């Protein structure tokens, strides 16, 4: 079986700087892959290239198991429609919308009501509206936001905004979920809850690619870990193997160990 | 007139107009540089400058024309500088961290306030400008150059050289350039960012004031409506040169003035006021970085 | 409120109210573009003008009566919105505001200069008032009375408001607000940003086109002057006062600012000043307007 996501020799250059330098990475269906590396290693750039936020200078991204499709050149919303959802390192919830509305937005790709349906409030539109609301309520409960559905997103505490973002991403029923530093800014208790939440997502069979600095978060949940440094992939393997890799230690500590 | 003479004549006219646009465009570009705001009220400040010069000129009698001109310029600069500083302080600074839509709406509101205040004070009809300089003209091979044009060119050139010196050679200029790169970093380094921004508004406004005085002297009349259209054209000039780019604003102003002068001469003066808009729209659509600029017009 | 003409038939006040309601119709349309989608549009008067001229020309040149002309008036204005949006919406942020302003001015100047079709600065004269077949009375001509137009505009505002409420609570409306709040996050959630912005411009344009046709039928005469930048800004001020994105707010904002000259009888000349001040003060003290949801205060 081909992988669900395949990144081939992806390169992103800003002027003379290589944010990504021929990075190759694949994610199998049902797998959780951790993406680690020092600040500025190109992790978020990789997410941006996969989700269509940036267009890579060179390289390919293929997505889909049965009939893999190239993603480079597609717009962000087209990639989302194909089943990739993401969260952001610096939370981007829709501040002036309620928690429920935020998650309902996530169902956009799974619903169809257009201008006519909305104007005349057809029975189809009404049914879809109920379906989306039910789904959103279910997801809010799933991430631990039950009872906060009417709260304005901007009024939620930081940790809950992170979960709201995850619920919004899940609402599109993605085949692949990209989490960009979901534990950043969380306290130890919240981090533990996050690990549990991701564990439950894994249990549902969701494929996850996660950027994370915190080893206590990324190590227990990842099936495989890839390490980026200065835009290059310097190591890949099981969490344990990667942790002991001298190149990885060097990259993090900045001292040669050989 | 031979075709060459006609061309040179339009060139001279366009250059005059362009020098005035450039003076106003500098304010747009400097303010955009430091706070990324299109200061919609800047055109009105230019218009206030014209009225201020008019008032000063009417008050002084019996002095040689160049002395009157200098006093007019200084008076208008002082008033508009203060006005620019005050608008920043009262309207823009309190909402600097708010969404950009809010700042732009505030700027539009400010433009309405200034326009209507001037209308209340000076009336809605055109005001005749007193003669700021004698009506001297020279003929060179069939091309007429007036003292008006020489004064406009000279004043504009003087101010632009002065500004360039200020921005490139003084501590204030360094601080302004630094602020336009990164406000937060400058604040951390102890640069009084608020003061730099206020000074930038004041400086841009003072330049626009001189533009207003020259505009009044050139056309002979001023109306409270003039700020809007001229302001937009000057903004076009700023975009033409690449917004945030000071030499770009100067070049953009002159280029726009030339295009308009030549367009009015050769195509149709009826559509004259559309040229600027068409250029502006095409430019923003196809080359938002302007002729010299490197800033990308995508800050949402 | 609908029965007002029966209880209080003062024609002048009724006329002021009808005009305010026409503003409300415009504010509802602009609210879709600026309020919900967050696209700052400064040339909205152009859509109003296109609707008015569409009916005027169809009536005078082809003899179309009022009612069937409503469809092309709305359609042409809506399509124009989509048409200019297609290139213009590629530009972002403040620059988009300037591009829309440029388009608005180009449309107005074009209507002024295309004399052969539009009658130039004198505009179109002698446009038919609406006629309606009334059971038992035969054909009723709206003529120059105030009451029939009041009923007509009232009905239009109610319909448009109902439509806007439904849209804003629908999948489409939510996507618009998501774009306003965070364009990138919206795109990553699968929302086709450009397509939805075009839809907003099309809907908003169509409502303005409808309002334009009603305006032309009521006045009987239209000139390009009626569709200037000041109108665009006035409608924007109404939307801002009411609260960006709020349907109720757009209507209340239009009624308040539209009847301001009556409330400030004798201070008529201060109206524009009041508009400007209102915009500045609201942005500073209550950026969410009278009825808007408070949002950015904590997020920005």
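Just so it is clear, A, B and C label the chains in written order, and each chain counts residues from 1 on its own.
Rule of thumb we're sticking to: a residue touches a chain if its C-beta (ideal position, glycine included) is under 8 Å from a C-beta of that chain, and two chains touch if they have at least 3 such contacts.
Because the structure is a prediction, the values reported are computed rather than measured.
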Review point. When chain C is withheld from the analysis and all other chains remain in place, what is the resulting partition into connected groups?
Key: A | B
**Study point:** Identifier of the chain whose CA centre is least distant from the whole-structure CA centre
**Key:** C
Practice item. Work out the mean Cα position per chain and let me know which chain is farthest from chain B. Key: A
Point to revise | Approximate Å spacing (C-alpha centroids) for the pair chain A, chain C | key: 41
Study note, to complete from the structure: Cα centre of chain A to Cα centre of chain B, whole Å, reads 48
**Study point:** Geometric centre distance via CA averages, chain C-chain B, whole Å
**Key:** 32
Check your understanding: Which residues belonging to chain C are in contact with no fewer than two other chains?
Key -> 296
Review point. Where on chain C is chain A touching in the complex?
Key: 163, 166-167, 170-175, 177-178, 180-182, 184-193, 199, 203, 245, 293-299
Study note, to complete from the structure: Seen from chain A, its contact residues with chain C in the complex are 51-53, 75-78, 80-81, 85-86, 88, 92-97, 101, 104-106, 108-109, 111, 113-115, 117-119, 121, 125, 128-129, 132, 152, 154-155, 168-169, 172
Check your understanding: What does chain C use to touch chain B in their complex?
Key -> 34, 38, 40, 42, 87-88, 90-95, 97-99, 101-103, 105-106, 109-110, 113, 183, 229, 233, 236-237, 240, 244, 269-270, 272-273, 275-280, 283-284, 287, 296, 300
Review point. What part of chain B is in contact with chain C in the complex they form?
Key: 36-38, 91, 94-95, 97-106, 108-117, 119-120, 228, 232, 235, 239, 270-271, 273-274, 277-278, 280-281, 284-285, 288, 297-300
